[in-house]
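Shown next, in structure tokens, is the structure this report addresses.
Just so it is clear, A, B, C, D and E label the chains in written order, and each chain counts residues from 1 on its own.
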């Protein structure tokens, strides 16, 4: 996944640089202005400091890491693991799942199976697991909101920078410098638009998609654990959970089941 | 359906080209600029690569295919098939529907009837079918969101291209080239607006409408299967399902029923 | 209702024409440009062809007709008819309502009473009527969405037309024609803004309001039919349904009831 | 409340006029243009005539009156009245509330108590009261929507007026009149922005806030009437209803209760 | 938390001032214009006076205070306090919690425990506590909405000020003053953008986040009180409430529990 990000940002930046160079290789320096970088980035982060507690901003590497390290979810494998557990539970009894705990590397599934083994009622298990899911979802929304806010503030400070540049230029109208003055003024708007549309907004999109995928996996886990606990037929559990997959991803031998 | 798309895009492009030609046939070359095409399309797809996993973008032909191949849903025919099945179930028993399986070419209906024949309880059948519907709806929303994002990023990169063009032009203000410089700069905004409003945004609309139609058909199927399983009177099942149709589409002989 | 529409469009167009004429009667021709009309209307309809099936666009006269012919709902009269039916049902039995069927000219009320007379259970009657209401609401939303999309695409193609005009003008900067060139370029934006804000957007508003009114009437009917079927006291039914009316519209003799 | 409105509009208008006068007292006439007033107000009302039935627009004085006459709700007093009624009901029986009817000047409370005295079941009373609240809420939303639409159409017609002015000016480019032509063209945008942001949009906000306050009072009344009818302990009723108040507004002697 | 606000506003203002000074230290006076300050702030507050009752605006120091004084919530500590109470209740009986009342400094927890001790049924306790939470949430939304409205009106009045300045400048086109006239006109837009994006909008964000944190703590309290009242096992209560925390914040010795 992180690969796509890198491709996207390299591709986008490449296109923009190419577009600039078509106007002449020597003109790339026109587009570099340190003060403009400060206004756009600094301004967006300053707004973030007003709107978020310091600790949250210091943790901004987390949504970055999530984007790069989130492993692709494989709902089919999850369904097969749940079915295997349900078969074991049917064969050897619910308590025997204790012996399968070390095979489970998804924390929510482990939590759910443990609670089932501990003899909690299905309603309590479901409510506890849903609390965890909702709390996780809220934390993900928080991280996504922080990135989306950067995508909202960057163009705003781009416009603020351009307004400052325009006032400076207009106050000293000089036919010789009007062009370069206005060119520099426009740079902050350009920076704000690029950083927002190539980085922050798509990044917020991706955080949302990663969350959606995880939420679906978690829904599968909750349904599966409750079904195991209720002693449902493994074949029916499998059929139920396959409903989360598009027809094309359901293994062929199963479709007729 | 695909026909309407073709008509729309041909009509829209034709109008735009005609508008350009009214300014003189020789001026059409003014509106062609390869670098601008790259900025708008490349930028929008670059943003997509940041926001979506590579596999999802490689599957972009799917929403395209859906738009062109989605068969118009015929809820009336679906209602009649369900009523026929309910009559068979009443006459020959629920199990006899096994013999009608090969007549059913809608996968969800086949799945539902099979589960009913297999003796699952109506609540389980309903919950399984609803899971399938919700998962399908989520996948459709994903595809629609991807297209709508292209419709959101294309104009953004159109503006970015125009800003780059303006900076290049302003840095070298020359009364002789200012006009053509600005004309070229505006092309990316023009491209972004056309591609977004003539292709991506209406296409996202259409994906939404196709989904709505399919969701309604699926709701009819769920209600129908549950009603068959509960052994309801076929006449009442028909009457219930006709409620999904506008009065003008209910066959006349039925309205008095 | 249709009257208000005509008043509105005539008033709005009159104001705009007057505003133009204040600049000199001979200047009205400046604002007429056939190519611009084609870009804005043609473009908006082309986008509609991409986003909607042909059959839906061919039925666009329906939301137009609805706007002009929708009869004002009279919830008070509806409440009185329902109360009268409930009194008849109490006096002569539910089955006697069969004799009142021909007095009922609201289809949903007729459907509901017929189902009650046919001896369906109140839960089934309520669920069937609600299905009809939701399906109708969805169809109304569809029609409203189509009109609102025209209101969204018209200004977009107005801007596209202006960009085309600007490119044509800028590519051939000529102090003598720059003014008229830009004036013509702005016409499409002007057309898009007028058609959207004076016709499409308010028309979509009106379709929404007409739907809201019909939905309220249908809610009254559902509550009324269920109450009749449950054999509730007509006085209490009336009191219940009066709750939908503002105090000022409840007949005086009833308020103390 | 009306006072705040008057303060706001006077303050806002005063600031704007002061801003104009800083440019020279003789320049105020530059900002007065009757045709522009007609375009902005007339256009916004014309759009309203397209989108709303005539009767609704003729009742536009109602939301105006509401804004000026809405009495500040006093939930504390309402809670105390309900507690007093619940004490009377406990002491002398539910039927004795008949003798307290004339002390109740809130129509919903009177309706609720009367229904309780008439012996309707708590579920019916609650459902009837909720119908009234929802219908009232819908009517308030309607009024608020109408005002918010004026706030949406006024700037749109401001822009339309400016476009007309620009076309007139551009078609006859004259170095001597270009400035005044453009100044006049901008007036409609200025009028639209002022009327929308100083009057229509905040007025719609206020209608929403007034509705929120009334809805909370009505929720208190429903909870109170049901509690009285269920014969709950007056002390507990009071404690329950105090939950609607911020801690700082709960009378001190009660907090420890 | 207040610290982050101060950092943000100082950082943002510093960046903006630095950006201005890069144009020359003597140019800072170009950006100071008292009339512009009045238009933007005065206008935004005037709109507030139209939309809000005077008392609400006079209480505007409250959301300011909240931002600076809101103590960071520590859900872990809250969970531990609830678990301790549940152990006490198990050991010594629910009534014994009376002796622990003075250790509880969170008002909602105190209210809930007191009601439990007073012998109210869990359903009543839950419903009363939820009423309090919803009423608090509504009051917080009110305060956030007020600040967000300032963030919406400030740029609007910035634009109004710029339009006034443009009309004044255009009416008296003078090559010598056109630049400074336009520079001054742009100042209100600049002020509106800065105040909105550096202060009002992020401040509204922060009020929302503080509310979210408090709502989560209150949800924990409600679940905890109900669990204590139902005599649930303290170990299970703890496990349930830990679900609100990210795995990384759950004390290590507990995770295996």
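What we mean here is this: a residue touches a chain if its C-beta (ideal position, glycine included) is under 8 Å from a C-beta of that chain, and two chains touch if they have at least 3 such contacts.
All of these numbers come straight from a predicted model, not from anything done at the bench.
To fit its Cα atoms onto chain D, chain B must turn through 145 degrees, a value rounded to the nearest 5. Homomeric contact chain C/chain D: same residue numbering on both sides for under half of the interface positions. Averaging Cα coordinates per chain places chain A and chain E 25 Å apart.
The geometric centre of chain B is 40 Å away from that of chain E, both derived from CA atoms.
Taken residue by residue, chain A touches two or more other chains at no position, since every residue touches fewer.
Contacts between chains close into a ring here, every chain touching precisely two others.
Here the chains make one closed ring, and walking it from chain B through chain C gives B, C, D, E, A. Within the complex formed with chain B, the chain C residues making contact are 35, 38-39, 42-43, 45-54, 57, 107, 120, 124, 127-129, 131-132, 135-136, 138-139, 142, 149, 153, 156-157, 159-161, 163-168, 170-173. Here chain D touches chain E in the complex through residues 1, 3-5, 7-9, 11-12, 15-16, 18-20, 22-23, 27, 30-31, 72, 178-180, 182-183, 186-187, 189-190, 193-194, 196-199, 201-203, 205-206, 209, 212, 216, 223, 236, 239-240, 243-247, going by the rule given at the top.
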